[in-house]
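Please find one structure pasted underneath; my questions will follow.
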Amino acid sequence: MNQEEIFQQKVDTEVRIEPKDWMPDKYRQTLIRQISQHAHSEIVGMLPEGNWISRAPTLQRKAILIAKVQDEAGHGLYLYSAAETLGISRDEMIAQLHSGKAKYSSIFNYPTTTWADMGAIGWLVDGAAIMNQVPLCRTSYGPYARGMVRICKEESFHQRQGFEILLVLSKGTDEQKAMCQDAINRWWWPSMMMFGPKDDESPNTQQSMKWKVKRFTNDELRQRFVDICAEQIKILGMNIPDSDLKWNAEKKHYDFGQINWEEFWNVVSGNGPCNKERLDARVKAHEEGAWVREAANAFAEKQKQRAHKNSVAA
Amino acid sequence: MNNLLRKFYYGDILGEAPASSGAQQSDRQTWPLWEVFVRSKQGLDHKHVGSLHAADAKMAIENARDVYTRRNEGVSIWVVESTQIHASNPDEAASLYDPANDKVYRHPTFYDLPDELSHI
Amino acid sequence: MATEISIGNLTQPINESTDQLILYTLHLADNALILGQRNAEWTGHGPVLEQDIAISNIALDLIGQARMLYQYAATLINQATNQLINHSTNPAHTEDTLAFFRTGAEYKNCLLVELPRGDWGVTVLRQFFFSTYQYFLYHELKNSADETLAAIAEKSFKEVTYHMRWSAEWVIRLGDGTEESHDRMQKALDQLWAYTGELLTPGDFETEPDGKIVVDLRSIKVAWTNKIQEVLSTATLQIPENKWQQSGGKQGRHTEHLGYILSEMQYLQRTYPNAQW
């Protein structure tokens, strides 16, 4: 067997690939792209929710929201670390994000205009993310799979707190109910788009499935998401903004309406309502942090020299 | 950003890695990478939990506390600069580990003992 | 003699020692909440991912402390007012009514905590001044005759011990880092120094004849000053010569910044009163 065959055999028999193992170049590149994109999504994803920390309606909600956004920073960090084992530095990845070369999940290019958006993001966006992420706990690349296990454990609290925000609103005043429905209306379709293009338009899917970098197709995951949400919304007494949403007894799945792919591709390519704000915020934080990172390095270097001098003197 | 900035793999020996250590220091803003090991409970071994960037060891330990023990996962933390970790080469895995596989007598189940025997 | 305490739209007489205890508790809570609110502005915008997480942790700890203190203040107020007025016409106070329905003049935090977060240097230096104050404060408050305050101090002391260490290390690192970081830190020190005096100058609610419940700030001033001088000197920073110190926060006279913090923080509660969240 050649190296490629040995590699594929490991993948087929669910043996995890570890950093120093031989792997096809294309596998490495696919993983770097996928993991860094995922990491960027966590980091950019901090912004729309961070937007409401200062205005959270109760102290408890404020604390929960900070903890949640902070978790996302942690998730970004785990993922950057996993990608770093593939031979790319975090600096390189961040540079790719800031230059627009690397993508992140388009959902974060939508604005958070009311408090109910914190609920809708938790329920729908995190819900869709979990749907994607749970299978990745068994992905073929060891560091990625281990990172995902950690992330999934923490992620379940995110979705629950989101649903609970909506639940409280749905039982609240008329204004709160309207706020709740409005947020669901705005976040439903972008969440559906989070699973990516339809399978027949998603050229990488097959190879990724073979490498077990992906374990279910976009359409499979999307269907699962619809089936779950269509039931959960009943508890909220709200509506999913899709007139074609209907239980199909034959298929034992919900049928749903057409996704506006034109909107999707526009947001991906930079025309979303907040693309520029999100990227600008990241670049600004990074640039304003430059002197801090540099000073910490300079200080560490001085300390090393001092320690060295002391040990020589002694 | 320049292409020379590259993380060391576990086990890459300083100077032998694709990117020299000098390349990493050349960017004055880049903090070195540290591997984090957490003892989750008294009596257990430290276990590798992940990595992070920090300017020095003190900062690395504090970061590790904030990043990897946000949910009280640890009682003790070790950090090691990633460049200081030397790992075996997977291609030599056969020569390193296979011999031990023969030594079944190292495993307790090798010994067929009467069922009546207990506390052993 | 009964004094008047104004909390939200309630103005009612409460006996003096309870009044003092409530104001003292609110003062401690306000300090923690406003600095927590300020620090949380960094969440998502930190200089590096690891430090984003660190400052968010500190924000979380501070808001957690504020919540415990507000809950206690609410209990005290509810107990005191129940004796005097018909409960059914006056909704009970909670941590949230105290945080979201008091005006700027009713907030009793020190001015230091409401100043803008500035750059990372201002943030870590302010944190260092404040955490060092909290460290010595809670160390004493652990022995307070008031059991609830003592218990809150006990729990919080562990947190602020870490905050003090973390921020001191940052002050040293940046003070003794590069030329630029040194200059920024010196500038931050020049800006913040005039707001440190208030931390250790007793307000009306901090002067207690027998000194059993509230911490006598004079008793921790020396320790605070020594620690600050030690760290600033290691950081190669100079304490400004101008001795003038700003004050007013403990009396409810604030900088212009607090109004903006509150209007943002209280916006939902005030726009939709009577709603549950």
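A few remarks follow.
Letters A, B and C mark the chains in the order given here, with residues in each chain numbered from 1 onward.
Basically, a contact is a pair of C-beta atoms (placed from the backbone, for glycine too) under 8 Å apart; a residue touches a chain by one contact, two chains touch by 3 or more.
Keep in mind the model is a prediction, meaning the values are calculated, not measured.
Interchain contacts join each chain to each other chain, per the touch definition above.
A comparison of C-alpha centroids places A closest to the centre of the full protein.
Taking each chain's centre as the mean of its CA atoms, B is the chain most distant from chain C. Chain A and chain B have CA centres that are 27 Å apart. A straight line joining the Cα centres of chain A and chain C is 35 Å long. Here the CA centre of chain B is 41 Å from the CA centre of chain C.
Multi-chain contact residues of chain A (touching two or more other chains): 70, 74, 77, 290, 293-294, 296, 298-299.
Residue positions of chain C with contacts to 2 or more other chains are 48-51, 53, 57, 173. In chain B, the residues that reach two or more other chains under the touch definition are 31, 52-53, 55, 59, 67, 70. Chain B contributes residues 31, 52-55, 58-59, 62-63, 66-67, 70 to its touches with chain C in the complex.
Of all residues in chain B, only 1, 3, 5-7, 9-11, 18, 27-31, 33, 50-53, 55-56, 59, 67, 70-71, 87, 89-91 touch chain A in the complex they form.
Contact residues of chain A toward chain B in the complex are 18-22, 70-71, 74, 77-78, 81, 84-85, 87-92, 94-95, 146-147, 150, 154, 290, 293-294, 296-300, 303.
Of all the residues in chain C, the ones that touch chain B in their complex are 48-51, 53-54, 57, 165-166, 169, 173. Interface of chain A with chain C (complex): residues 43, 46-47, 50, 53-63, 66-67, 69-70, 73-74, 76-77, 80, 115, 168, 171-173, 175-176, 281, 284-286, 288-296, 298-299, 302.
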